[in-house]
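Following are the structures in question.
One chain, subunit A, appears in both complexes that follow, with subunit B as partner in the first and subunit C in the second.
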Partner chain A sequence: MSEILKVNQLYFKHCNKKSWLKKPEVFELGPIDLDVRRGETIAIIGENRAGKSLLAKLLVGALKADSGEITLNSHFAHHAYQPSHISHDVRMIFQFSGEAMNPGLPVGKILDEPLRLNTKYNEIERRKLVEEVLIKVGLLREHIYFYRHMLSDGQQQRVALARALILQPKILVADEPFAALDPSVRSQTVNLILKLQSEMGLAFIFISHNLGIVRHLADKIIVMENGQIVESGKTETIFRWPQHDTTKKLILAYQSLVPQQTLR
Partner chain B sequence: MPMLDIKNLTLEMETGGVRVKALDRVNLAINSGEIRALVGESGSGKSLIVSAISGALPPQWHVTADRMTWKGENLLSMRSEERREIMRRDIAVVFQNPISAMDPSTTLGEQLEESIPKELVEGKLFWQRKQSRKRTAIGLVHKVGIKNHEHYLNAFPHQISTDIGQKFMIAMALVSQPDLLIADDPTRGMETTTKTKVLKLLARLNQTKSLSILFVSHDLLAIASMAHTMTVLYCGQTVESGHMKHIRKRPLHPYTKALLDSAPSFRNDLPPKSYLPTLDGTIPTLQHVPIGCRLGPRCPRAQKQCVVTPAVRKVHDHTYSCHFPLHMDKR
Partner chain C sequence: MAQFSLYQEEFHPSPWQKTWREFRSSHIASLGLMILLFFLVFSLFAPIIAPYDPLQQNVNALFIPPSWNVNGTISHLFGTDALGRDLFSRIVYGCRVTLGSSILLVLVAMVVGVTIGTIAGMLEGVRSSVINHLLDALMAIPTLLIAIIIVAVLGTGLVNSMWAITLALTPQFVHHTRSFVRTEMKKEYVLASKLDGANHLQLFFYSILPNMIEMLVVQGTIALSIAVIDISALGFLNLGARPPVPELGAMLADGMDVAYVAPWTVALPGLTIFLIVLAINVVGDGLRSALRKRLTQ
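Up next is the complex of A and B:
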């Protein structure tokens, strides 16, 4: 397996200065080192305000890091500028997929937009690609004409996935993709992501509070606290032998909920 | 005799000139000292049941029930003053979204002190009563696990995080020392550690004060860890209800099985990265509910008879409504 994304000493500082008399609230992220291989699933866990979403945003380039570098496919993607191929190869799914869609545009337009802005396809080719991606995520061609409010939660999630996949990315970053979904729709989404991963060799980085899903889906886990990666490793290792206190706390809290003996 | 007893609760609302049954003959009974879980996906009418019990429904919706009693008193034929008195003292509700359920213009401390019933305040003179209220408030806040009371009692709802808000809602619900606590999705969007804390708090209250809890959620992991009995709701119909242990071991309704399967944590034998078993499609909207058993079009075991609403059947304490239940194939 080859590395497709390499993060080296990524650092971000957020300074919230409310008034010049008060001490500013400083939040520091990093420095962070991270390797992502092809087809790998990485889960980021941690408590609230640990900087998980911030890291996701930095990885896709929605925010600019203060220092450090992200190397994509051995291309040099420095923090200082964002070449357009980063939005090709790294795509993001937002936490509330429904709210992240424009209510005034039909699904076809929503999916067309990234193509129009990032590629040189003409209108007919774009239309064909949109139809293809809709079928790939398990929707119908007719959904091109649907608006956000006409779709159910699960379908909205599929559209969000389609929008992320339409530029044929290599890495998908998702911020709590399963949190707002119902159990049965959640399983459908999990299956869909597994299927797409095996078909396209996607690397998938996701944030989740649901450790059951994390254990099921992830190859590698990153535990974050206060903007630092405190522990990282293989899923089974982390779940069986947690080392850091934060990890222990999270895993213990999870284990206490899971029924110990499975009833047969 | 159950404390809260609901039989065949039907809620009809009018949308676009058509009457739709949002709840279709729901049965629910809560015994004293019991934690009952009400499970269902969003749109299945969990929150509607909560509102129907608390009487917070708009007047143009029609609620009918064969029986809806609280300790033997009929809730539906009761005068609104009497019902309000029951809601004030005996039943407490924790609503779904804590931040928006609170008054945004006053501090949390004031709201909490306001909700203390008169007869629980000690002292005759106004400063004594004020001090007593404050003491009660601080005690309650500590009880639900908020340590820094100075800071949070003086904070406004928009200044606090969701889990603190949730704990405050529980504190406000407990202030009148109720017999039944209805918690509408109290752990949504919480991280695992906070969730465990809230669940432990509820379980402790249940044990020490024999508080009955109606726990409304779709988080099966949380439910399995604390609930004694469980009622499963699909699209406004109760599909199965019984002891947690029995349902976990032998779910009779296909929907219950699908719900249990959707949580990978329940199954140790599941290899990582394997496909999870699911039902096709999603929960139908209220305007398009199928006739008969509402699970019909999604159900893998559906047959011709499923267009007739199945009757409620009972095996010991385990009730279900399905024509072709699992584990019970006809010999």
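Up next is the complex of A and C:
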């Protein structure tokens, strides 16, 4: 298993100046160290305002880190890497996939955009790729002509997945991808991601509050609190022997909901 | 589910076809569009439609009433005015001057306003604010008043009044575009496009502009009706088009002197202005609701 992403001492400071009379609210993230291997699934869990989404945005390059570095695929890349670089190898699925779809464009155009901007395919080849990726995520070719408002939440999620997959990334970062879905569609999506992961060798980093899914999907878990990683390790280890207080709280809360799976 | 393509033959209407379908389902909007098209045809093909030269004076045919009057003749459909000019020809050419110049100046104002507004919306901080409020002083004064001031400086004339109205209409476009671009830039789909590697220009043309059309249609039709009214108002006040030019407002002013003798010389141009403005507003309203329905249903 080769490393494809290495995060070294990543640090970000968010200063929220609401008014000049009040003391500004400061949120600090990191410093964070993280290794991602090929085909690995990492779950980020933690309470609200723990900096999970922020970390995801930093990883895909939607925000610029204040210091630290992200090394991609063993070739050095600073936090200010080229946009073209980032969109190829690390792709993101947003928390509200509906909002991440342009309401004024049909699905075909939305999926065409990353190809048009990042590859040199002509129109016919792009169209073919779009159709392929739609079928891959379990949609139909006809969805090319569909607008956002014609699709259900699950379908929007699939479009977001298709958009992320179309450039054949190595790492997929997802911010609560399953939060808005009902249980059956959720498990469909989970299975879809597992299938695609085994097909394409994707590394998958996701944020979730649903520990059942985390336990099912993840190889590794990162627990965050107040912008810090407080605990990380193999999924089963964390679920069976949680060390930190936050982790214990989260795991206990999960186990009280699922009485059958007691600690043994 | 994916290996079949059962619906490949199905017809997928383009966005504009969908908008058109929604638009046609509203009868009032369709009627407005017909009236507007009627006037557009008038202004495009004025030389073919008009039976007489609008400037040709005929001493033998002064104050002939419209053809539906007992004393009217069919050779002058809408009658003639004080100088014996055929009123129908003058109204046809008047549509050309009034409506045509309004459309032209609204397009110029829209392009300039949207450009400035977009630049202001994409920039941040003081620069954005400066660009945004560049033309704000013009917004404090009513359009007609600005036009009168500009005409007073540059001299009367149709072209000068057109410049004046363009200048007066631009700030509205700047403001609406800027606030629209600002709110859109915060949305996640723009962030998603940014992550795809789109620069500002691509972001604007491919992501934001498709969503902006609705706003542009609304603002454009409002501006167009304002422009028609202002052009004819300036013509009426003798500040815009000079009297021999067949401009609807100027014709109205001409007719005022003989309103008691020949009421049709006032009523018919006035009715034309009214119908043009009404049609523009009805069409704009219909288009707006059609565009909204297209995206929400």
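Throughout what follows, the second predicted complex is superposed on the first by the 257 of 264 C-alpha atoms of A that agree within 3 Å, B and C clash if a C-alpha of one lies under 4 Å from a C-alpha of the other, contacts with A are read in each partner's own complex, and residues count from 1 in each chain.
Going forward, contacts are C-beta pairs under 8 Å (C-beta built on N, C-alpha and C of every residue); 3 or more make two chains touch, one makes a residue touch a chain.
Model, not experiment: these values are computed from the prediction.
Student: Label the relationship between subunit B and subunit C on subunit A in the superposed model as either fit or clash.
Tutor: fit
Student: Touch check for A:T237: first (subunit B), second (subunit C), both, or neither?
Tutor: neither
Student: Tell me which partner A:R163 touches in the superposition: subunit B (first), subunit C (second), both or neither.
Tutor: In the superposition, A:R163 touches subunit C alone.
Student: Put simply, what angle do subunit B and subunit C open at subunit A, by C-alpha centres, to the nearest 10°?
Tutor: Vertex subunit A, arms to subunit B and subunit C: 80 degrees.
Student: Just checking: does A:L217 make contact with subunit B only, subunit C only, both, or neither of them? Give me first, second, both or neither.
Tutor: first
Student: Report for A:R186: first if it touches subunit B alone, second if subunit C alone, otherwise both or neither.
Tutor: first
Student: Using the superposition on chain A described above, determine whether A:A62 touches subunit B (first), subunit C (second), both, or neither.
Tutor: The answer is second: A:A62 touches subunit C but not subunit B.
Student: Rounded to a whole Å, what is the shortest Cα gap between subunit B and subunit C in the overlaid structures?
Tutor: 9
Student: Please identify the positions on subunit A that touch both subunit B and subunit C, taking each partner from its own complex.
Tutor: Touching subunit B in the first complex and subunit C in the second, no residue of subunit A appears in both lists.
Student: Taking the complex as given, what residues does subunit A use to touch subunit B?
Tutor: 41, 47-48, 152-155, 179, 182-188, 190-191, 194-195, 209, 211-213, 215-217, 235, 249-250, 253-254, 256-259, 262-264
Student: Along subunit C, where are the residues that touch subunit A in the complex?
Tutor: Against subunit A, the touching part of subunit C is residues 1-2, 5, 7-8, 10, 12, 15, 187-189, 191-198, 202, 206-207, 210-211, 213, 295-297.
Student: For the complex, give me every residue of subunit A touching subunit C.
Tutor: 60-62, 83-84, 86-87, 91-92, 94, 96, 99-106, 109, 113-114, 117-118, 135, 138-142, 145, 147-150, 163
Student: Using the touch rule from the top, collect the residues of subunit B that touch subunit A in their complex.
Tutor: These residues of subunit B touch subunit A: 41-42, 161, 163, 189-193, 195-196, 199, 218, 220-222, 224-225, 245, 248-249, 258-259, 261-270, 272-273, 275-279, 282-283, 285.
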